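Per-chain residue numbering starts at 1, and chain names A, B, C and D are given in the order in which the chains are listed.
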């Protein structure tokens, strides 16, 4: 789904940032430097970031700026990470979250 | 009407057309701005003072066509991309339209394109005669040559070879209504008002009917608005549902309290404080 | 540790940037808090040219205005500090503002505050409104214009205000097709010239229409829309299905005023301004002394007005601390005149009505 | 909607106490009861409290009051016919002793509690950690635990009482403020509200922090005062520990509620003595510090929100029950000093008995308002 990256834009220039490797539910994926976790997932065609802990309905981000909390995921084992604002870092292990999550050390 | 369709009426356009003499004389700017909005770069950018100074920034631009040379500077700066340069002086059955075109890919000089009118419909062919790039405005000005009789209609173009900006099929929806009766029934159970807690419109409506008519009461009983977004998403929806069902003005419906922190922060984050 | 400073400006969008610049220019020590990693707020997503006059940088693209204002702030050296990735998370009764600065907890106690936190997007209720693929217009802009990622292949836009129209246009610029723009009102709310741009590019604008529902297995696959009557009820047999993988909600903004509520500012719900807004005097000072406001948090308006308000709020906040330059009177008069001009046309009628209710004197 | 012209009893205050008293009286067959609330139900201390209930007290009377209430709540949904759920979870209170002195007192407490039939136990830190594995055992020397203690949903509990009361004929008026109380010859004649006057000879003052102001309307001095208390809550998490963890020296109570959020609160003598419900930053700093000490594993949980309410305090931090002296017809149920929510069933029972002149289920005659003048204060040390 590489066609989601905009390469030729009439107004904006998007730098081809460094490729960042990460995994999503075990699948290897590529993002770019400057991506948030959610934007990298989106570029890979991933819209479903989790399932609501109570209703089990699929969840995707709505606001993309950290307001709405619909983008919570498990990142490197840590629950409730706001992936729409959290920067993507190399080697991140990103997983869909379908429960309320637990603190790191529990 | 313009405000219903986004397309100016034939009358609006015709009133703006210069005299036949002026049209025959050479290129001129056609300013298709018909609404009083606070905007004046066209008038302040014109090097020939052809677009008259505005006393009030909301005035509709007025143009002195004797001064206008059709240079196109205004077409490049107009934030509404509503100025076109028309040249009907060629006298060979063709005329040209210069269109601000902020899409990619850009056509090349000599390329054949589909001429498109203000409604987005293809009305004929056109040839690209000039592509003018501007580093300053980043708005390319593309001149296309069309048949004489189309010059006051053509305001856009589509590239051939499936490189259209938009697939025009979508506009057909208005002409081909189709009924899908499985999709008609509105179901309150499928409408999520509070995304964080997964609270449906049905739950909220039931509570309002039971007499819980403030945002706080609904929050306390149902948890709607208690989640991580702090009611940013659902608060206004719940308030307007209360207003709708009880007849109270929304203005009188007290929102629930806005508490710190504005965004959730880990407990360890606050350990940096020293309570001084 | 408690940071003490003359002025804190919360929000690095058009209003906040102007406030910080003006106050620093006047001689105040300014700290600007911006929750993003870059300055500009919504300006960085605005790839279109601005309306207004030269004073509000008309015809310059929002994204370039942001750079200009940021550069100017840099020129004040130590007098203007910018914290990026800094969210003001609490505004307490003793005037202390707590901040998440890049994950570090900080406390600031300024003598004056300009709150320029902008707005947040409204949400809409319809069946399956929580399906992935339903995004706020701001989210779509962020994806496209900040991260360079197309939100989908085919978008149904809900709302024909300026944002709905502009984002539709930007989607096409990014190579995404727009199936239609659906607007509940019988007329287009945004500027006619914006509507004209998307119409000629082939996008229908369906006024007096609404979205009935979204459907899809795990994410949006289609939407059902229908014509509505004057009471917003769907007219039978006008339903139609639109294939799309994104539904973009652009039904308006509401002032992001949480910090003002926390600070104890007197607020009033004014529908014409998008929600609850702070009462303020003609210096843009709220009912809490020393707390000034500018931009969308005072009521939803265009960025041009936000910049002028930012200028005025920065000017007044600095002046109240004794930083009053020779040009104070002229600048104040000029701001007032600019605001009057921007708000004088027929498209600003709603704003004028709303503003008439906000005076706290 | 106007209030009725007369009532047998007017109850002032739509918190849990007022609603419980209304239900209790109506359940005994009393008709024409009116319940007045100036805002919405549970909008004052009730809706802002920690909503725990414990029987582990140092004073016998408090143990008994709590015991009565626990037994009521165990069947609360059924007794009140509540279709939602008061969410009474008997997940226990685990109270830690920070030092040997406190541990000694705890041994005495457990002995007393056990003698009353309260199944509390005295634990070593290691035993405590078996119940709450997140505890840092180096932070305390001993603990007590009672599985029968627990937690409720304060909104649902109040709602349950109010709905049951209304079904029995109680007329509830929200957004109706008492603006005056008419007294003639030392006897209450009527209550003036923002929606009209109600003739009545009996008023129950269950107005929490506002009880003093209500008393003043009838010329009675009620020696209560308010103090702000703050709480914070985390994002909901999967269940990680169930009991309320409490420490008197640590000045903390912290619990994961069934919904998953962790709530925690503390007291602070420097808090303002007025009605403000604004929040302070010092609270968050102190609270998170103590929490991280005692339950270090919670340090990555996200703080979602902080809020404030107030305790309606008395000099000895014990409730005031009984008639107002020198004024016929006013009954007091106030001054709960932070424990009103958990005592509501007992409060309702006792106040009803007092009004109807029946023998008291638990002797609380020493908790009358006169004790402050007599200087017969009743102290309880096990408080946060």
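The rule is simple: a residue touches a chain if its C-beta (ideal position, glycine included) is under 8 Å from a C-beta of that chain, and two chains touch if they have at least 3 such contacts.
This one's a predicted model, so the numbers in the text were calculated from it and none came from an experiment.
*Asks:* When the contacting C-beta pairs are counted for C-D and for B-C, which pair yields the higher total?
*Replies:* B-C
*Asks:* Would you mind checking which chain's mean C-alpha position lies nearest the centre of all protein C-alpha atoms?
*Replies:* C
*Asks:* In whole angstrom, what separates the CA-based centres of subunit C and subunit D?
*Replies:* About 44 Å separates the centre of subunit C from that of subunit D.
*Asks:* Using Cα averages as centroids, what's the distance between subunit B and subunit C in whole Å?
*Replies:* Roughly 16 Å separates the two chain centres.
*Asks:* Measure off the straight-line distance from the CA centroid of subunit A to the CA centroid of subunit B, and report it in whole Å.
*Replies:* Roughly 29 Å, centre to centre.
*Asks:* Need the CA-centroid distance for the pair subunit B / subunit D, whole Å please.
*Replies:* Centres of subunit B and subunit D (C-alpha means) sit 56 Å apart.
*Asks:* For subunit A, write out the residues touching at least two other chains, lowest number first.
*Replies:* 9-11, 52-53, 57, 59, 62-63, 66-68, 70, 80
*Asks:* What positions in subunit C touch 2 or more of the other chains?
*Replies:* Within subunit C, the residues that touch at least two other chains are 61, 90, 92, 98, 107, 120, 123, 130, 173, 175, 262.
*Asks:* Could you pull out the residues of subunit B that touch at least 2 other chains?
*Replies:* 102-104, 138, 192, 195, 227-228, 230, 232-233, 257, 259-261, 263-265, 269-271, 273-274 - these are the residues of subunit B that touch more than one other chain.
*Asks:* Quick one: label the inter-chain contact graph as line, ring, star, complete or other.
*Replies:* Chain contacts: complete, every pair touches.
*Asks:* For a test of understanding, state which residues of subunit B touch subunit C in their complex under the given definition.
*Replies:* Interface residues on subunit B, with respect to subunit C: 1-8, 32-41, 44-45, 56-58, 77-82, 102-104, 116-120, 137-139, 155-156, 158, 164-168, 170-171, 173-174, 176-180, 183-184, 186-187, 190-193, 195, 201, 230, 232-234, 236-237, 241, 250-253, 255, 257-263, 265, 269-274, 276.
*Asks:* If you look only at subunit C, which of its residues touch subunit D in the complex?
*Replies:* Going by the criterion above, the answer is residues 90, 92-94, 96, 98, 107, 262, 264.
*Asks:* So in the complex, which bits of subunit A are touching subunit D?
*Replies:* 53, 78-80, 99-106
*Asks:* Residues of subunit B touching subunit A in their complex?
*Replies:* These residues of subunit B touch subunit A: 102-105, 138, 140, 192, 195-198, 227-229, 232-233, 263-264.
*Asks:* Within their complex, state which residues of subunit A touch subunit C.
*Replies:* 3-6, 9-12, 14, 34-36, 39, 42-43, 47-49, 52, 57-68, 70, 84
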